[in-house]
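The following pair of complexes shares a single chain, chain A, combined with chain B in the former and chain C in the latter.
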Partner chain A sequence: MNSLLWPIVVPAVAGFLCLLIPRRVRVVREVLALVATVWTFVVAIQIFRGGEYFLQQDWLQFGSFAVAFDLRAYQFSSFVLMFIGFFGLVVASYSAAYMAKSDVGKRYYTYLLWTVAAASGVVLSDNLMILLMFWEIATILFYLLVTLGGTKQSSAAARKSFTILGFSDCALLLGIVFLWAIGGSLSISHLSVKLGSGFAYITFILCAVGALAKAGAWPVHSWVPAAAEGAPTPVMAFLPASLDKLLGIYLLARLSLDLFIMDRAMGLVLMILGAITIIFAVMMALVQHDLKKLLSFHAVSQVGYMVLGIGTGVPIGIMGGLFHMVNNAIYKTCLFLSAGAVEKRAKTTDLVKLGGLASAMPVTFGVTVIASLSISGVPPFNGFFSKWLIYQSLVSIQQPIFLIAAMFGSALTLASFIKVLYSVFWGERPKKLHGIKEVGFLMAWPMVALALLCVLFGFAAQYPLQKFIGPVVGFNFEGVPEKVSMVNALWSPTLATALMIVGLMVGLIIYLLGRVGRRREARAFIGGEVLDTDQTRVAGTGFYDTIRNLSGFRGVYNDADKGVFDPYFLGGKLGAKLVRALQDLHDGVLSSYLSWSLIGLGILLFLMMM
Partner chain B sequence: MERAFYPLVYFLIFPGFLFTSIIGLLASWVDRKVTARVQWRVGPPWYQPFVDILKLMGKETIVPAGHKASFFLLAPLLGLIGVTLVSTILWVLNLNPGSSFVGDLVVILYLFTLPSLAVIIGGAASKNPLGALGASREMKLVLGYELPFLIAIFTVVVKIGSILFQDILGFQQINGIMLRHPSGIIAFVVAIICTQAKLTMVPFDIPEAEQEILSGPFVEYSGAPLAVYKLTRAMMLFTLPVFLITVFWGGLQFSGWDLLWTVLKYVALLVIIILIKNTNPRLRIDQAMRFLWGPVTVLAILGMVLAVVGL
Partner chain C sequence: MNHILPLFVAVPLGTAFIILILAKVWRKAGVPFALLTSICLVIFSVSVIGQASIYRMGNWPPPWGIVLVLDGLSTLLLLTISVISFFALLFSIRYMDRYTAKPKFYALFMLLVAGMNGVVLSGDFFNLFVFLEIASIASYALVAFGCEEEELEASFKYLILSGVASTFILLGIAILYSLTGTLNMADVARTIGNMPANNAVLFAISMFLMGFGLKAALVPFHPWLPDAHPAAPAPISAMLSGVLIKALGMYVLIRLIFNVFGLSPFLSSVLMILGGLSMVVGGLLAIGQDDLKRLLAYSSISQIGYVAVGLALGTPLGIMGGLFHLINHATFKSLLFLSAGAIEYSTDTRKLSKMGGLSNRLPVTTTSAAIGFLSISGIPPLNGFWSKLIIIIALVQAGHYILASVAVLVSFLTILYFMRVQRHLFFGDLPAKLAKITEVPYLMRVSLVLLAIMCLAMGLLYPFLSGTILDPARDVILEGTAYVHRVFGV
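Coming up: the complex of A and B.
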């Protein structure tokens, strides 16, 4: 069998087997899932190292509408494939502990493995219809995974996600058909359409809607926060946080790199969408009270950077966008997994009810700090580097407005994560949460591995850039660079990190001289009062109420709470109006139905005569 | 060996940690002395800030009870690292304008947030409601000034078209300082207001507000960690004006009479900051945010528009 089929077939078959394994032998199922994902990951690494592979298999042919089962692995697709394998492995391991007590474990692993298979199919396929088929399977599996949450909210969330994703997938289908009409082929590696005519623009927009909805960009983002309300946390970590980003941005990058020859106008549209996504979603995240929902808004906000980077159309920007896609998948998955760990132990993700878990869950706390600093772009972590690349590209094309939006968005992100860290890990622990323990190894190692990657991809960012991302846009660094120096930009992550460590040592020497080691503990000083800790607890949820209450913002936030910026809500309203209009036509009188039928028959006959 | 040696010397001795902290502490003495004179007091002798730091180093360190206090103690160091690195980069590039060292303007802007972040983390990790309140105020203040500050700084970038310091300095050497342009002046004014907020000096000392929340994030700190905070703040008082001079005012020159001119530029900025501090009452956090996101941002945008049309 061609090695390109392995990453699709192995998880798919393993998924089937999971269905057959009886409910009681949970361990077998978990081991099977782990083995399948490890295998996928290893095969993906082999494919990546092997260079370019093809698999060509004719399938359906309707004239020039040839749906061939073509697969192609090259630099870009195989590096995305590798990360799909990696995230599959990480989430499968985590779920073994997280889903231990759940009675939906059987279906859960099946869907999880099938999702890995479908995602592998998307990135490997070289035919647009095949891509769409796998894409659609991934959408359906996401619907099924969200319903596994098992609550009333879960089914509502699943419905909402499926509606938005299904709608945008329709747009993608239409776009692909249009693309075939213009380019005369469905083969991705043969197509290269020049933007210019109105029809080509519409085609691009339709395809882009599909990609952007999957990635979760504004205005087709609202399924992400909705899903966060109902889906099990590992599902959020797996799909909206990592795989959907990889797939959506992968498609967007293919669209703008290969399928279309971009022009400035479309690039500008993408950049505007990106900037709005960053600011809008992060402003929403600032005022959330639920950990999972807050993280989901960040999952939206970060897409803005990727879209912005790709929209610039210059190699550095696209490189930054793609690197940010990888980095975001890493730290966002880490954040969702740690949220899941907190949820597992504290039984809630409500920020008001959490607090002071730092000493009880030190590992979870540590990884959350690292991931939070990464997502906020604090140097020298990985998020800083990819954002920095995007900023460089914005400087080079002279777009200060977008640059300011992006950098300010990153300050807002930091603010939002300060709130998370304070509300969950610092602050006073509510009495209800005393006696909480750290999660076990199976849940801990994925988080730690991801946090380590955040650090590694930060201070040694040259290597992933050189190995994975540079070649995609034909950007080659000379030798092994010790600093990334471009025509008009400079950042030496390794030197900076080294100096920061030296600075830390200076600080520690100061502490040594100040004999900090021999410290004394004392009660917190609150004006000399001795109060009950549950009374003096300040919940972090009120941190940014000032912003919410600023005159210009109050109305906007209230509108957002009502769903004014949510296409699902707006579409629902419109649909309800339409249905009501149609309802009015149903008056229950036989003669009016008959007359409608006659009119219809007349129109049909008329059309047939022509 | 040599490659690793020079950055280390830069970072630790000159122009990094040792140099910046000495000048910074002297600057904080100037602050205290001028403030005292404005208030008809005599003021401390020049070595007072040094003695203060020494004394704090000798004091006992007390941490809030009931947790490991790791982040409580690490937070002050984060700020120290940030400001030392910024100062090192700025001075190395000013001393040797052609060189490339560590990072560009974007890097500096990010590193400049580390001292504020340190205060926020310290306050949030201090297990004290007043600390948490102070931390949230500091964070909101950061959001408040960051927007106009970014616009002001990127006004210069629009003018120059590069974010490398060698280009910023080179451009100003050839075409004259940024303050010759109306857009540059507006951006400079905005940047000074934001500097005041970055230093959390009156009228923006809302996070500390001694009379109201007992100096907020610092309420639980004592001994060496408090000394590190004080030192960081003194170093910021030195580094931020140097940054403004580099970006708007032609940078630092060191040959002959230019050296005196450089010192005068810095002292002028310092005196402006101190005078603003001494002639204003403290704002509330919502007033500060409204001020920074309102008039100040509008002013900054005006400067940006002027820069885009070429003024």
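Coming up: the complex of A and C.
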């Protein structure tokens, strides 16, 4: 069998086997899942080291619309494949402990393994239709995984996710068919369409909607926070935090690097989308009271950087975007896993009810600190380097506004993670949470491994850049002078570094502002009565309500809560009106139905006789 | 071999009468006879795959004698009718337990099948009309079979609207007869082909578009369907939505437009507009329904729109997509209506808002319903995905980008109403009233599971289907008025 089939077939078959294994022998299922994911990971590494692989197999032919089962592994796809395998392994191990008591474990592992198979299929396929099929299968599996949450919110979350992703998949389908109409082929490695005509722009936008929705960029982002409310935490860590980012950004990169020859205008659109995503989502994240939901808004916000980086169209920016894709997957998965650890022990993710867990859960605390610093772009962790590349590219193409947006977003990210760290790990511990213990090895090692990767990819950033990402970017958009050479940009101390520090300072100031006037420690004196600590303790979320209540922001936040910025909500309202109008027309009165038919006949006759 | 052709009509017609007569002495005669006939019809229709023949009644050559014409297109329809009616019958054995007058049900069912087979095979306008009426009248009676207020009202509306349509069809036939002096379809085609352009022909075509458009439930001729299809017993809903609107509506429309009149660009765009309207209006209305079967009925309008659009394109790929969607829709829509019937059988309600968490109690029923819905939403690798894809590709190929976008958008609407249904099938709490429900009887489940497997198999076996039944049917449509030569044996 062609080695390209292994990463698809093995997890798929293992998934089927998981369904067959009786419910009670949990261990077999877990071992099987681990073996399958380790196997996928190892094969992916081999494929990566082996260079290019092909598999060509004709399948269906509709006229010149040839759906061929073509697979191709090259630098880019095999490095993404490697990370898919890695995250699969990490999450499978973590879930063994997390889902131990769950009665949906059987289906959970099946869906998990199938998701690995589908994601591998997406990155390996060289035919757009095959890509789309794996893509949609991944969407359905995500829907099924969210439903495993089993609560009322899971149902709503699953519905919302599937609706938004289903819409974007439809857009992608249409985009692919249009792309075939322009380029005359479905083969990804043969297509190269020049943007220029309006039709080509529409095609690109349709395809990009598919990619952006999967990645979770504004305005098709709202399924991510919705899913966070219902899905089991490892599912969040696996799909919206890592795999969906990898897939979405992978497709976006393929679109803008290979499938289309980009121009400045489209690049600018991407950059604007990216900047809005960064700022909007991070502002929302600041005021969240739930750990998972807060993280999910960051999962949206970080996509903005990747889109921004790819939108710049200069090699350094694209490199930054792709590197950020990897880095974000690492630290965001780490953050979700640690949130899961907290949830597992404390039985809640409500920031108001958490606090002071640092001493009880030192490992979780440690990895959260590292991942938080990473996501905030603090040197020397990995997030810093990818953001730095993106800032560099923005400087080089002289786009100060986007630069400011990106850095401001970074500052706010730091501010909001200070909130997380304070609310969960510092401060006074609520009484309920006394006697809490650290999570076990199976849950701890994935977090630690990911945190180590954060450090590794920071200190030795040139390694992944040269090995994984550098070779992918041999490209620049039309009309951009290639004056920014890679070496030059990577290691010269530029404006970006300085602005970076300014960004950090802004974050610190915001943090300090929240604490001004609260530094004096004293017991509250209430006429001699002794209050217990639960009543006097200050939850970390309180500081940030200040932001919410700032004049000018309050209205915006209230609107956001009502869903005014959510196309899902707006579309739903509009659709409901349309449906209502049509329903009112169908009044059930025979004579009006009869008259429609006769009027229809009249129009037909009129047209015919003209 | 062509002596088998009259049997397609004669056998079910005869069975219908035998059942009624035998019922006087053996009350349970309906099931075995109907099932046996249905199996015979499946065997007949499988045996005629790949053949094309003309049967001259009493050896009178056309245009004088009555002819039955078997070709790729009629084979496709015969196969669809017999397979779906077999599953519907299998399902109805236990489902009909709660109704009285079962022999009448099976007799009417057979009459319905006989009428549809007759329409599909007949080679002249007169017989076409007769069989059309046989099938229609049987369906009026079957819609009203429950004899409750809702059923009677629905049936009455259906009767009136469909009766008006039949009248206009008859008027169209009369005009053609006065113009050409013949009722044989091939002869009419030949005569019209030799005549200069004529307003009377256009008038007749308008009559047919309205009449058969109403039978096919194309918007704006659709409003009878959302009343009639939900009111009927589930197996009949499956038959009506699954095959009747296609056999009486879509098939005749296509046969006339392509083989008798010849597709003009104008006719093509009229049909495409009707199809596009149906897709959108049906899809939107389906989202707003609380009644599961009504939702499915609106969705039928939407899906028949796809078929119309695909066929109206007139390109090989478009016709292929339209025909494939036609048989796919027959499969998944009958699956869905039967599942809805099974759910109603267990829960005694069709209101989605009164359901919740059914999947634990009715695992087989809800899973097959989910497969049907995934298929209708166009999720790969189920059959609905491929046929919609082919239609969309064909639209883009022909340069109809906007209609292609509409087709994709409607497939998103389909996902929306699936989301609406799954909320009640799989989630939520089981209402206290439904605490004691159990899975439906074995035979009903068999029918559901087989249909669900068919949905998957037809998706995976597209190349096979295309080679055996779809390509010949497409070629018949593509040959256009060359149909004449085939019938006259030139």
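As a working rule, the second predicted complex is superposed on the first by the 537 of 610 C-alpha atoms of A that agree within 3 Å, B and C clash if a C-alpha of one lies under 4 Å from a C-alpha of the other, contacts with A are read in each partner's own complex, and residues count from 1 in each chain.
Quick note on the criterion: a residue touches a chain if its C-beta (ideal position, glycine included) is under 8 Å from a C-beta of that chain, and two chains touch if they have at least 3 such contacts.
What you see is a predicted model, and the numbers here were worked out from it, not measured in a lab.
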First (chain B), second (chain C), both or neither touched by A:407: first
Contacts of A:604 with chain B and chain C, given as first, second, both or neither: second
Chain B versus chain C as contact partner of A:426, first or second or both or neither: first
Contacts of A:398 with chain B and chain C, given as first, second, both or neither: first
Which superposed partner A:446 touches (first chain B, second chain C, both, neither): neither
Residue contacts with chain A in the superposition, chain B compared against chain C: B
Partner chain(s) touched by A:62 [first = chain B, second = chain C, both, neither]: second
Of all residues in chain B, those that touch chain A in their complex: 7-8, 11-12, 17, 56-69, 71, 73, 76-77, 80-81, 84-85, 88, 100, 102-104, 106-107, 109-111, 113-114, 117, 120-121, 124-133, 135-136, 139-140, 142-143, 146-147, 150-151, 154-155, 157-158, 161-164, 167, 214, 219-220, 223-225, 227-228, 285-286, 289-290, 293, 304
For the chain C and chain A complex, residues of the former touching the latter: 156-157, 160-161, 164-165, 168, 199, 202-203, 205-207, 209-210, 213-214, 220-221, 223-224, 226-227, 266, 270, 281, 284-285, 287-288, 316-317, 320, 374, 377, 379-381, 386, 389-390, 392-393, 396-397, 401, 404-405, 408-409, 411-412, 415-416, 419, 422-423, 426-428, 462-463
Contact set on chain A toward chain B in their complex: 356, 358-359, 362, 369, 377-379, 384, 388, 391-392, 395, 398, 400, 403-404, 407-408, 411-412, 414-415, 418-419, 421-422, 426-428, 483, 485, 488-492, 495-496, 498-500, 502-504, 506-508, 510-511, 513-516, 518-527, 536-538, 540, 542-544, 546-547, 549-551
Sites on chain A touched by chain C in the complex: 60, 62-63, 65, 129, 132-133, 136-137, 140, 147, 152, 154-155, 159, 162-163, 166-167, 170-171, 173-174, 177-178, 180-181, 199, 575-576, 578-580, 582-583, 586, 588, 590, 593-594, 596-597, 599-601, 604-605, 607-609
